[in-house]
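For clarity, chains are labelled A, B and C in written order, and residue numbers in each chain start from 1.
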Amino acid sequence: MSRSIIVSFLMRDKVGNALLAVLLALAIIVPFCSLVFEPGDTFYLSSYWVTLLGKYLCYALLAVAVDLVWGYCGILSLGHGAFFALGGYAMGMYLMRQIGERGVYANPLLPDFMVFLNWTELPWYWQGFDMFGFAMLMVLLVPGALAFLFGYLAFRSRVTGVYLSIITQALTYALMLAFFRNDMGFGGNNGLTDFKDILGFNLQHSGTRAALFSLSALALAGGYLLCRFIVNSKLGRVLIAIRDSESRTRFIGYRVERFKLFVFVVSAMLAGVAGALYVPQVGIINPGEFAPLNSIESIVWVAVGGRGTLFGAIFGAWMVNFGKTWFTGAFPELWLFFLGGLFVVTTLWLPKGVVGLSAQLSKMRRSKAASGANTEAPVQAQAVEAEPQPQQASQVAPEPDKQAEPTPKNLDQGAANV
Amino acid sequence: MKTMLNKLLGLVGLVVLSFGVLADDWQQAASGLTGKSSNHKLAAIEAMLEFDDPRNAVALQGMLDAELYYVKADRQLVIATKSGRSFLLTDLQGESLGEVAKSKIKRITVNNRIRREIRSGLAMMALAGPDEDARFSAVRSLMANVEAEQLPLVEQRLVAETSAKVQDKLRELQAIILLENGDDAQRQSSAEFLGGRMDAPSRNALLRAQSDEQNAEVLAAINESVARNQQLLKLNRAAENLYFGLSLGAVLLLAAVGLAITFGVMGVINMAHGEMIMLGAYTTYVVQQLMPGHIELSLVVAIPAAFLVSGAMGVLIERGIIRFLYGRPLETLLATFGLSLVLQQLVRSIFGPLNQAVITPQWLSGSLEINGVLALTYNRLYIIIFSFMVVAALWLLISKTFFGLQVRAVTQNRAMANAMGIRSSWVDAMTFGLGSGVAGIAGVALSQLTNVGPNLGQNYIIDSFMVVVFGGVGNLFGTVVAAMTLGVANKLAEPFTGAVLAKILVLVFIILFIQKRPRGMFALKGRMVED
Amino acid sequence: MTQQKQHSSRWSKQLAASAMALALTSGMSLAQAAETIKVGVLHSLSGTMAISETTLKDTVLMMVEEQNKAGGLLGKKLEPVVVDPASDWPLFAEKARELLEKEQVDVIFGCWTSVSRKSVLPVVEELNGLLFYPVQYEGEESSKNVFYTGAAPNQQAIPAVDYLMGEEGVERWVLAGTDYVYPRTTNKILEAYLKTAGVADEDIMISYTPFGHSDWQTIVSDIKKFGEAGKKTAVVSTINGDANVPFYKELANQGIAAEDIPVVAFSVGEEELSGFDTAPLVGHLAAWNYFQSADSELNEEFIGAWQSFIGSEERVTNDPMEATYIGFKMWAEAVEKAGSVEVDSVRDAMYGITVPNLTGGYAVMNTNHHLTKPVLIGEIQADGQFDVVWQTAGGVIGDAWTDHLPESANLVADWTAPISCGNFNITTSQCSGQNY
């Protein structure tokens, strides 16, 4: 039964499947174009394009992570950049340790910035990062643990909505201030940079770069599949129920905070993975990644693409970042007008994002051809009937923020107390 | 006609005569000022001060104000003031010498060492002058550099001095000198006199004497005074820290109070709140540009102007965007965030990316000195007072006026208010405008403390939200308490942890506090629907 | 700016290029690139650093325009390519790659702050680009592909301290800085230097604050207390950018005048002062290699050219602009000397090149990729300008690796044979940390 459901979802999510196919194709074609062709060839992809596209993939994975908690569970986290950056720092620490004696001061153990700040021994939290396996474990565990701790406290005491958003912002802001401090031992404002190699492969070789790109594409595909599995499972439906009415779900008997905690931790880990893949490709990680603005920007990717649809988040990340690359090159003065305008337009006229538009159109079309679809695929139809849930609606077009406080009302005594 | 000519001749003769007598020596002494090295200039100043010549004051003050030049051709010292592209010259006796081009004259540059010498020279002149405050600060500047040779002068002044305040200061100076150079009895009485005096020279003199004193009785007196000073010092430092905390709290309060309306009362997560503050600060800048001659008054004009500019922008935002988003607070967050980016870029496009220089009026500069250790800076003092005035006015507006009644009615029960004939949409716009306008007023105050640039708002937005959430949404009193608590906590922690860690600790504290009390310190009572 | 390249035509260009590629050989693109010499400009035009960097972008554009008026270089016109890294450090690396790979620029003028340079460094080294970095920095670096035309610590910090000790008789020191690598390193060097000069531990106070720090009450009050001990005290400020305005305001309000406790700053120049009300700051100091008030014909010419280029008599000039000017002039001369824009030959031609300073005398490019230039100390005036109160007799050789820190005392940089290394350890004869 459950197997057939999964199969049916795999079959149903046509856009998603197409997206997965594109990702797989990218994972093969991009390295091929950059390695096989020579500079000057029509199909040659320079390292500029490979790293740029790789960066977009990492951002897309972050967007999927944000969408999982926001689009499906109604948790608007303004601090997901923190998990992304923590994953990045874990990777950066591994890469720093790989430099070894090749630093400018030729210290076999300490990174350069520690040498000139007079550190004499490696701090305890840098231990073990010379091992790739350990570092990768930390990429998952550090963001995961922080999300667990933070989520455990916040969800248990039922901090919701706006309050949660604001304290997640405080979280990433506090982390940013902390990482800016040189005394923290993470390189302060300069962060970690000048990486040499990863697992023995030179980071400046196009082969390494192509491999990292393919890995990012695969990670994004994997992240997509994982999130799709979660949201389409029974658990996913509880999440959507929480999003749409948290109290009602709680009254029915679900331990709401556990579901939220689970999805929050998974999402944080995904963000961490995205950060870890991002760092070797862009070549630097510094506290700027913790800036609240970055987290909010990732929210916008999801909002523009269409929250509550996983592929919408990916499209949104790609569209906005491509726009950013293009705009900052062509009209640097206009970029902020454009980005800011995008926020306003999206919230006012595109509450379901760009994919929401097409989904609505296709929905209309599909209802016309509904009878034809039933005869074409009887198995899927059966599966759908077995699951009487508003899957279609929640998959592509969630009602935005039903859960949100009906504003001036529940603050009613506000004025009286003023 | 003839008498006239005679008079004129006589005058010229007098001038020539006076020059003949004084000019040589004084001018000889002053000629070193045109030298290149600071040692030449210092020697010249010392030589000039040997003469009791009115030109000393003019020349020294001219050097301080960067108005003393010399004519390149004949090395004559002149006071030059810029007028258009050329300079108006007057000699040191105030005679006009006409206008010359910049290339004909050269300014006499001074550095800190010379400036110090000039100030002490001017102080010595002021010591016997008519102005009480000048005499007082002259004595203080003498205290900074005590020399035993000054004793006769000090004693002579003590007799002549009429003001009790200056006399007291002179006595303190006398005590400092005697503590080192007097006999046993003088030292003892000096030690007793200096106990409880907070000026650094007095405290340092006691500490020096403590290690040098041989006489046991005098030493006991010194010890007692030192102990008393230490205690007073501790007390004053604590008071100072509290003041720092309150003033930081006042800044937070001003920044947050507008948000307490837009976010607290209306429930709009206004991420563009910081930009409303920024607009207020830019308004201050523009007002100062428009009335360059009246800097002292500019802030008085800027406050209503900033309120109107930011308030109008707030009404515009409410009508254009926010009103479509009521009931969807998280969406207002996104929309207003986008708006904040647009406003920043707008200001950057209009005024340029550079910070703008907002001038601090005289009455906001300097500090109110309580004693040698504790001084309350005027700008912060006024901001503390101002922040409370703003809160009080808001409170009156909301709880005592008809408009406030309407606001409360609409936020409590919109449908009922509508039924009673209140135009709720108008009230929404006005309330949002009010919150934004108050943010604009905060901008006027902040322009006196920090940079006026496109990023001004960004630096305060997170803090503002922390204050409102910590205090309890929808509660003006909570906002006041929260701002003051956070300000004081931050400043109390800072000496131990440093500025950054203090701020991080405060943030972590708020995060944990919200877990404990998800609705802030002063949560609204009553049953509430969570969803 | 009109010179900005048109990205909008990228796609059409690519289409056209691929169509033509069928008919033509791949040599075509090379022939096209050879028509102009491309000058990359990598300065933030948006974000927090735009305040400082926009000016440098305009300076490079002005230099390019002047060079083109004078006939260009090697008979070719110069073509500026401006990109905006938006004060975002990873974006600096990305844009540098874009300039070198996609735009195929021959030289890059850009970066401000160490982190942006560190971010770009691996890219210019990998693609063998040429970067001119025009801002004072902490040293401890010498890359084969970077020429540092700003001051190293021994060209700014140490002369400033010498001046204060000698002229003002300072015995007690507050080292106040923003918490990042430049102040940290500078203060470490100064601390070591002061201690060798006999300053006791208790006479040095070090304090770090975050970027954009705005509440200076506690720190200024601490400085005041520290200065009350009876010894002449000075503050050496490596406070960065925005934090300076509230810092100086607080100093003035708490009644600390320059005559009592002078502040010597390494990051406050004419442009920063144009956002200040400078009246209460008169007498505080700054150490640079250039001041707008420097008395020379060349400087007057430069100021005139700048003000007419930018179209405002109000605009000031500053030290990083002079560093950009010197770097550009040197590069142009090296290109003429080498007869090519090829990076390796230009680099070889750079060593020993001299260009007149705007303040008088000549700047020399050394084989450690740092300049020899004079150091000036200026005092802030009420009009926002500096009075030069002291100046080194001749040029000071920029030192890539300071002698005052134990780890770097053994390192030298020399990019000519036989050493050819940016950090050569003279005790172990080893060259480490290079990417090639």
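Operating definition for what follows: contacts are C-beta pairs under 8 Å (C-beta built on N, C-alpha and C of every residue); 3 or more make two chains touch, one makes a residue touch a chain.
Computed from a prediction, not measured in an experiment: that's the story for all the values here.
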Farthest chain relative to chain C (centres taken as mean CA coordinates): A
Per-chain Cα centre nearest the global Cα centre, belonging to chain: C
Between chain B and chain A, distance of the C-alpha-averaged centres to the nearest whole Å: 46
Separation of chain B from chain C, taking each centre as the mean of its C-alpha atoms, in whole Å: 32
Interchain centroid distance [CA atoms averaged], chain A/chain C, Å: 37
Chain A, residues touching no fewer than two other chains: 177, 180-181, 333, 335-336
Two or more partner chains touched - positions in chain B: 345, 348, 500, 503
Junction residues of chain C, two or more chains touched: 46, 179, 208, 210
Chain C - residues contacting chain A, complex: 4-8, 17-18, 21, 26, 29, 45-46, 83-84, 86, 88-91, 93-94, 97-98, 101-102, 114-115, 118-119, 121-123, 126, 140-141, 179-181, 184-185, 188, 208, 210-211, 405, 407-408, 411, 422-423, 425, 428, 430, 432-435
Touching residues (chain side chain B, partner chain A) in the complex: 264-269, 321, 324-335, 337-346, 348-349, 394-395, 398-399, 404, 407-408, 410-414, 462, 465-466, 469, 473-477, 500-501, 503-504, 507-508, 510-512, 514-516, 518-519, 522, 524-526, 528-531
Parts of chain A lying in touch with chain C, wherever the complex brings them together: 40-42, 46-48, 51-52, 55, 101-106, 112-113, 115-118, 177, 180-182, 188-191, 193-196, 204, 282-284, 286, 288, 326, 328-330, 332-333, 335-336
Residue numbers on chain A that touch chain B, as the complex places them: 76, 150, 153-154, 156-163, 165-167, 169-171, 173-174, 177-178, 180-181, 245-248, 292, 296, 299-300, 303, 333-337, 339-344, 346-348, 351, 400-401, 403-418
Interfacial residue positions of chain B with respect to chain C in the complex: 38, 65-66, 109, 111-113, 115-116, 119, 144, 200, 203-204, 208, 240-241, 244, 247-248, 251, 345, 348, 353-360, 365-367, 375, 377-380, 448-453, 455, 459, 491, 494-495, 498-500, 503
